[in-house]
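You will see two complexes here that share chain A, one where it goes with chain B and one where it goes with chain C.
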Partner chain A sequence: MDPMAAIKQTFFQECEEQLAELEAGLLAIQDGGYDGETVNAVFRAVHSIKGGAGAFSLDDLVHFAHVFETALDHVRSGRLAPSHEVLGTMLRAADALADLVRAARDDGSVDAGRCDALADALRALDPDAAQADEEADGDDGEIIDFQPVPLDQSIFDDDLATGSVPSQSLFLIRFKPKPVLYAKANEAAVLLRELAGLGEMTVACDSSALPLLSELDPEGGYLSWSIELKTEQDEAAVREIFEFVEWDCDLEIERQIGEAPGEPDVAALIEKMQAAVEAELSALGPTPIPVSEAEPAVIDFAKAREKKSLQSAGDQGAQRADPALAGAAAQTTIRVDLDRVDRLINLVGELVINQAMLAQRVQEAGLARASGVASGLDELEQLTREIQDSVMAIRAQPVKSVFQRMPRLVREVGAMTGKLVRLVTEGEKTEVDKTVIERLADPLTHMIRNAIDHGLETPEARLAAGKPEEGLVHLSAAHRSGRIVIEVSDDGAGINRARVKALAIGKGLIPADAALTDDEIDNLIFLPGFSTAQTISDISGRGVGMDVVRRSIQALGGRISITSRPGHGSTFTMSLPLTLAVLDGMVVTVAEQTLVVPLTAIVETLQPKVADVHGFGGGARVIAIREHFTPLIDVGRELAYRQGDADPLSCVALLVECEGGFRSALLVDAILGQRQVVIKSLEANYRHVQGIAAATILGDGRVALILDVDAVVASSRADASFEQLLATAG
Partner chain B sequence: MSVATSSGACAAPVIELPEILDLKAAAALAAEFLGHRGEELTVDASRVRRLGGQCLQVLLSAAMTWRADEVLLAFVNPSPDFVEGLARLGIARADFIDQEQPQ
Partner chain C sequence: MTEITRTDLTSARELIAFRIGAQEFCVDIMSVREIRGWTPATALPQSPGFVRGVVNLRGAVLPIVDLAARLGFAPAEPTARHVIIVAQIETRVVGLLVDAVSDILTVTDDLIQAAPDVASDMVKTFVRGVLAIDRRMISLIALDHLLPAVEREAA
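Up next is the complex of A and B:
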């Protein structure tokens, strides 16, 4: 790849991280759980985006980020209180900034009018504009809020130096870029030009370190500059120019005191005091911005943040500390191309298959279990599984990457529907395979939209019902029994069962006299073509019903269910596998076919007894298991492997649990064993087959199909209903 | 960048500097100069629109090398942007031009 393109790509990756930090920080401020470092982190995020965008001449982005950064600086300096309205504007500005970044990345376009309006709104937050009149009345101007410098003060905290500087100051700046400064697409000439913009400047270039051409590294850093700058700006403004390159250069900035005769320069005095404190902190030397390895804690902390931006995209969420919390520990990470990880995963999958084949050969050779080969093979199996787990851990990603897209969605849908919504997320650090995460975004987006649009009531209706005006949408993730369970709940009105049932009857989805339990009525919303909205809205009724959501979840090997309490809200629960690459399965035979049943679905296995199996009319059968009757499903018949029913007495029943906790007994001919299998997509290699989730390759090289338990059970229930209907009609 | 032999009184090859002298141009520029080491050389800076720190290093190092080799290296037709770029990076035009003249 072109080096510039690679740098740009890295910039956009880092932008995504900065945007996530920005939003998380703003939300933390909104929730009140923040400190000075949170505000600084938010400011730095926007500042870094602006800096990088400037290097790539992304003018729109730079312009907007600059306005945003200025508004944030008012918050940082304590001159602007982060009220609900201010944060509302800033959150919308963060969304616009994200749009600008993505438009720059994808050569797309943004709604310029919206960005301009937001930029104006940000400018209007400037407290100086509001206070200008008061100050004109002979007020002494700004009061510098002096506080003792805390020991954990970040070098980014230049709040103390934000006071006005009434006359010109002279700064002596020594600046020596390191090669890495250029490598990160920064440019000494641009920095010098920005510096020149602050006032009157003289520059002297020191080329004494320059070697002859034959020894020169063209991408090295040999030149240094001594700069004299006369400016009305304060030191903070000078430092700001170098803020995002300061770790990539040697930099000294000295302010010459005494350049402003007349009134005492309070700001300069404070800066001097701050410098004195920093000098004390900087036990190893007086350099204002130390860059040596042995730095005081305050600098290590700042470097930790720097390193953090280099983290792998794959585990950024897991590794990254909450931006609301100061003191994140540094993590050593690398960015790895996802293709490489995928290749590794495929290879490990092949290794698993190969190991199974080898085990099969050994078994066929009739070697004793106690033989060296067999025990070596056991060790190999264990190692293979460990490798598999380790590789999977590389791909595992916290659901945060999906969850963090939701606050924006909630804001937008809330604004469109005129509803007040608060989103609470939980378990963001829960990890799941990247493939699952990627395919989770769409269903989750739809469910959140649905929760706000259909679930929550209008503020007026809520008040009338004695609820708080603001509705609550709760999004949580947790690991449970080897699966990830994601819940979306709202505190809205709950499902209007009478309306749902009437609608289902009206659409011919159920017979008019169908006797359904509450649970069954709730689950009607998952039927294809079902929509509870009286009118199709822009938000949730985009031709995508809950049936599509259910299908996408099922395509991931997951299940979705709903529980609802009238007046109290609804909860959608999704249960998904942690990975789509392997599963632990039970290998069974059905009508001489080998099938794999996912182990997570199986509750227990049993040998049916004649007294336990009962006919139920219409060809349906049930089996009594510990005083409960459970539908008995002949897998061979469901998959059309055979016409007649199998004899339960010569078969094995697998008690499985499906979506909604519904249990069924699957009848199979025999159990061959239990093993880890590598999932191969049937859709990608052949086509979708009803009742089958995927395929795998067994140790003997044969392809075995992996049973889609939910689909088989659902299909059997549909058949039974149909047969019952026929019987009723007959 | 292109290299041509001047048809004028000076028979030295001419290196024409590219418009953008940034990070990406530095390695190629250094290689270009090294390919002419020991030769009298004319550098045409008429097209330059942007001068960055690393290309300035190459130009200064080349000037130093040619001076050490006691061979003529002449910069001709500097564009206003080139002159401005030099000034911004603390190199006066006269200093630069004088610097690489063989003694």
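Up next is the complex of A and C:
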């Protein structure tokens, strides 16, 4: 990758962080729990995106960010109250900004009309309508809010009333970098050189603050500069040069409009002024603000008309950019390539296996438990476990990264369905493995869409039912017994059981006379081919139903269930493993091979009795489990480990539930035990094997295969009745 | 594989020679990662007969190809004296089950003769050339098509 692309990638990564901060900040403001720092953080987020985008010439992004920033600045300065409407516009603007960032990243396109409309809406927020109009028409000068700050030099005020309309102006700039400016790899000389490019410039350096060499901090900032710049450019252009260092320096820019252009003695006056400044400097010794001492020259030359100071804006930023704070923040996190973490995890996995092997060997050697070797080994085991936990923790991330995408979804789906929705999230800091997080977004998106589209009623219906107009969607995450449990609940109408049952019967998913409990009816919605929406809506009816959600959750080794109370809403509960690197499995033997069956698939285990097993058609067998006939699948035959049928009486049956909620019984020879295994890929060096999900390494160092329960069950169902069922369901 | 038939006296290369039954074969030493003794493999369901299964190679899952079966001989009946040559084929690491490793040869490309034209699929698919050394005939094997998945991808 070329260096520019790498920098750009970093920029987009940072953009994502800034966008997250932006949205979080706006939501905090909306909830009322905010202070000035929140507003500043929001402003800074947009500002940083704009700054970075400028560096990469992403003009659309810069333009939009700029308008957004302007509107935010009104809030920051207190001129615009953050009302509900204002925040609504800003949240939508944040969404649009996110779209623009992603479009820039992926070379995609955005809905330009929507962005323009939002930009107009943002401009309309400007409390000063006239200014807003002017900006909208004139475009794209830097739009900056200056807070007039009275200066103590009365001389300028005297001349305020006079003044022609000049086109050349003189700027008096005081620029005092703080150490942090240099720490961020900015360079005063470069800024000064850029300033010189705007016009004629005189610079005086104030080195008065320089300490003795012995006391000098090599990373300190001691120099300041006084600059007189004569330019045809406006103040915005001058300010732009300092844009990226604005918060890292003390900066004052005074604008003094000169006489008509071409005034013959302007240059001479500048020289005179410079001379005066220098004279003052040498006469008075070092002074921190030499420009103000150059009083007489200034009077001669300038008719001050405008004075502006950036000091107030600079202060807030400067506090924020305190070097100590910045240093502390830099130390708390580091960016690490994911490959390195994965490698570490692999190594630790090997360490765990090796330690288990060693323990087994020691036991085989017949060493006493009290021997030094054995106790040393116990300590090693302890340490290995701790290392494994710590390494897993590196990959763990708070679910916040997924949760924070949901408010936008809720806004959009709410707007599309015309429902008023409030999203409440809880437990955002709950940590789970990164791979789980990545694969959580899709099912969660679908469930939230579903909750709003199907769960919540329209505002009118809610009012009629005596509920608040605004529907509530609650999203929470928590750790529970070594798993993460995520709940999506709504306070809508709940599941219409009569309709669900009628639909399931109508589609042939259940027999017409099936006696089902409420719970069983609720769970019918997970069946493939089930969709209660009578018209396929734009939001949830994307040709996928809850069965897809269930399948993706199961693919993660998780389970999903629903509870519903008519009139009070529904709750979807997902339980997921904390990591995909290890798995809880039941170790079984089949035809002298050792296999691991994922524990999440197993409902119960049982010993088949001769009366329970029945032949069923050509070669197929079923087993009666509490009066239910369940297909009996001989794993050994399915995987071609053996030719003939195993004798069910000498075997163990595992009752498993797989996608679509179908239950089957898997026949295995014996159960060896239950343990956590480290998942190893078969595809890395070989290829996918039908019926096998992955491999693992057991304590004796041998490879054991992890059974893909869904695939085994599906392949055993090649009979006509199943295909017929599939055709009906699909 | 033009470089094999091209005469280049300066390029010496090293080959690992091994035995399968009465015949000798060799592979480029650069593709060999290590050589280890036979350990029982875990059988893989629904795999071609020449795939013996998988073993644990320091935490990685290593598929074992019975080279005898792959080259069209009778499948090996591995004992503790059999050897697994761990070889890198593109991005995959594969174990090759052979009877024994016999030699390390340093040869120049001009010693490698084109494979004699016999009507054998095995020769056409895997043998890239033959060497005559001490009156022995050693066939140079190309590893690219040993694994079934690789074969399928190439097709």
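Assume the second predicted complex is superposed on the first by the 390 of 730 C-alpha atoms of A that agree within 3 Å, B and C clash if a C-alpha of one lies under 4 Å from a C-alpha of the other, contacts with A are read in each partner's own complex, and residues count from 1 in each chain.
Convention: a contact is a pair of C-beta atoms (placed from the backbone, for glycine too) under 8 Å apart; a residue touches a chain by one contact, two chains touch by 3 or more.
Note that this is a predicted model, so its numbers are computed, not measured.
Once chain A of one complex is fitted onto chain A of the other, the partner contacts of A:Trp225 are limited to chain B, with no touch recorded for chain C.
By the touch criterion defined above, A:Val203 reaches chain B but does not reach chain C. By the document's definition of touching, of the two partners only chain C reaches A:Thr594; chain B does not. When both complexes are overlaid on chain A, the residue A:Pro177 reaches chain B alone and has no touch with chain C. Contact with chain B, but none with chain C, is seen for A:Leu213 once the two complexes are overlaid on the shared chain. Look at A:Ile625: by the touch rule set out above, it reaches neither chain B nor chain C. Looking at the shared chain after the overlay, A:Gln690 reaches chain C, while chain B stays out of its contact range.
When the two complexes are overlaid on their common chain A, residue A:Ala477 makes contact with neither chain B nor chain C. Residue ranges on chain A touching chain B, taken from their complex, read 3-4, 177, 182-183, 185, 187-189, 192-193, 196, 203-205, 207, 210-214, 216, 218-223, 225-226. On the side of chain B, the complex with chain A involves touching residues 22-24, 26-27, 29-31, 33-34, 37, 50-54, 56-58, 60-62, 64-65, 68, 85, 88-91. By the touch criterion stated above, chain C contacts chain A in their complex at residues 40-47, 51, 53-56, 58-63, 92-94, 147-149. Chain A contributes residues 346-347, 349-350, 353, 593-594, 639-641, 680-682, 684-687, 689-692, 695, 697, 701-705 to its touches with chain C in the complex.
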